[in-house]
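Labels run A, B and C following the written order; every chain starts at residue 1.
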Amino acid sequence: MTPPDDLVRAVEAVLFASAESLTLDALAAHVGADPRAALGVLAKDYAGRGVELVRRGERWHFQTAADLAPLLRRTREETRRLSRAAVETLAIIAYHEPVSRAEIEAVRGVQIAKGTLDVLMEAGWIRPAGRREVPGRPLTYATTPGFLAHFGLASRRDLPGLDDLRAAGLLDPVDTVFDGATERLEKAGDSD
Amino acid sequence: MTPPDDLVRAVEAVLFASAESLTLDALAAHVGADPRAALGVLAKDYAGRGVELVRRGERWHFQTAADLAPLLRRTREETRRLSRAAVETLAIIAYHEPVSRAEIEAVRGVQIAKGTLDVLMEAGWIRPAGRREVPGRPLTYATTPGFLAHFGLASRRDLPGLDDLRAAGLLDPVDTVFDGATERLEKAGDSD
Amino acid sequence: MDDDALTVELEGWEGPLDLLLALARSQKVDLRAISILSLVEQYLAFIEDQAERLELAADYLVMAAWLAYLKSALLLPREPEQDPDPDELALRLQLRLERLDAMREAGARLMARDRLGRDVFRRGAAGEGLTTVRRTGWQVEIFDLIAAYGRVSARTRPALHVVASREVMTLDAALARVAAMLATRIDWTAIERFVPPSSTGRLRRSALASSFLAALELARQGRVELDQRAPFAPLMLRRPRS
């Protein structure tokens, strides 16, 4: 690595010392200058090393290179497995956000069990994202910066297959026609 | 900058991710090889950067460069308006110093809340100015050079006197209707 | 069709849609090319099979009823105006299965990513950390200070309330006096004559004003006649002639 200039060193030290991912604003507040150019230099300096500079949403942090996972995982406990319901719910929120509980249930075809959203919220991956201005004003959910950081996404646009799913119409507003199957039966005579 | 070899990357990542500094043995156990040569490379790579490889006794770890420590501590200035009570208290101290708490209360006609003098002291505008040699030996307060600096005063004598205040209309009681007789009486009483 | 899928009990599925998706997948074709009719038949067969062994959850039964309806609609000769169109409904069911399948796969792909804390790691040591020291800059201007002192001074300066003692003749007194005097006067008399002769200065002006008001009041009651020939001419009073 070439010896960096003062600003690069400063940004490097602040990012290294921080327990959290940092926004550009937070970085600027610490180093007293626009950190963007320095971040570019650092990203290049650390590319291919055992530690890398990554951007997650609007935040930056250092983390170990992914290919070294086997080496490091040895000392770590496997993170607790999420239930299938939680994984699906998280995926639905990530790909559809902001999305209401009823909409999640419409995709999965079952009610959300009590703890499912709690688990995802406790993990810091989802958050309430305001109410939808429709009858009942349902609360909606969206993902957090912590979600991007945990799953190594630079932004929601990096969600795997997002564009394909959207092109296939699989992310369109959820059609709740099957939700009330009985309702449907009763209404079978009525027009849509 | 040359991309480091696998062993250097491994040692780098293990040291970065470890919660504590690591001995050569511990490093070797993680990376499956003698880490000494890799440590030498890393020490050189990181020399002069914002983060440095440090050896303490037999243990190695990364830490931020010592000269950057001040950057890690950020001072945030918040501007707030001084409360009315605090401004009045400060004004009384400025006009009457040195003055005890009881005297301030006598002039204001109201008790001083606990935090008021603390706020003024924290702002660096007043200081304890000795005890008065009367029963109870009350502490007195006076203004500081910081007070003069903040208000752009060369000395306390630059504070406008009562006559100036009156001329500026600042002594007019807000709620009193003057009648000619009262006004005359006041003027008679005030003239020196 | 996978025979195992048929023998697994319902608890294995999270609702009828999950079961339908499992059955659809067991056809081992692209979900888009799936035969909805055969899928419906599988589901109904499965539910019948289960019904002998355990109590079916309501939502499975509701779905079964709905699928039975769909099946008959798909098989029966088409009425031109049939609403809802059974093909449309079949298509929606298919889309719904695709959606759930897509989300299930997306979830699996998310979980398989290099995850922070499992595959990639942040700095392990608590490290130096970043600290923020908060300092309050108090905002106050010299004017605020001076105005505050003016306010305090004005507020706490001994307040003097002086009521100048002033002799007045009240309206009541004037009424009594004017009325009494009228009783003894027959001719026109100027109003000044009704004022007590001893009053001077401010008291006299007060007495005159009160007497004037008394005269107006007595006139209203018909107890006096007033006469004035010109503006500012003497105001004359006399007892009414009855």
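By definition in this document, a residue touches a chain if its C-beta (ideal position, glycine included) is under 8 Å from a C-beta of that chain, and two chains touch if they have at least 3 such contacts.
All values derive from a computational prediction rather than experimental measurement.
Chemist: By the document's touch definition, which label belongs to this structure's chain graph: line, ring, star, complete, or other?
Modeler: Its topology is that of a complete graph.
Chemist: Greatest Cα-centroid separation from chain A: which chain?
Modeler: Farthest chain from chain A, going by C-alpha centroids: B.
Chemist: Counting in whole Å, what is the centre-to-centre distance of chain B and chain C, each centre being its mean C-alpha position?
Modeler: Those two chain centres are 39 Å apart.
Chemist: What whole-number Å value describes the gap between the mean CA coordinates of chain A and chain C?
Modeler: Averaging C-alpha atoms per chain gives centres 34 Å apart.
Chemist: Could you say which residues in chain A touch two or more other chains, in rising order?
Modeler: 14, 16-17, 30, 62, 64-65, 72
Chemist: For chain C, which residues are shared contacts with two or more other chains?
Modeler: Within chain C, residues 121-123, 126-130 contact more than one other chain.
Chemist: Inside the complex, what are the residues of chain B that reach chain C?
Modeler: Those in contact with chain C are residues 13, 16-21, 61-64, 69, 72-82, 84, 86-88, 90-92, 94-95, 107-109, 119, 122-123, 151-153, 159-160, 162, 165, 168, 170-174, 176, 179, 181-182, 185-186, 189.
Chemist: Show which residues of chain C lie in contact with chain A when the two form their complex.
Modeler: Within the complex, chain C contacts chain A at residues 14-18, 59, 62-63, 65-66, 69, 83-84, 89, 92-93, 95-96, 98-100, 102-111, 113-123, 126-130.
Chemist: For a test of understanding, state which residues of chain C touch chain B in their complex under the given definition.
Modeler: It comes out as residues 121-142, 144-157, 159-162, 164.
Chemist: Touching chain B in the complex: which residues of chain A?
Modeler: By the definition above, chain A touches chain B via 1-4, 8-14, 16-17, 29-31, 44-45, 48-51, 62, 64-65, 68, 71-72, 74-75.
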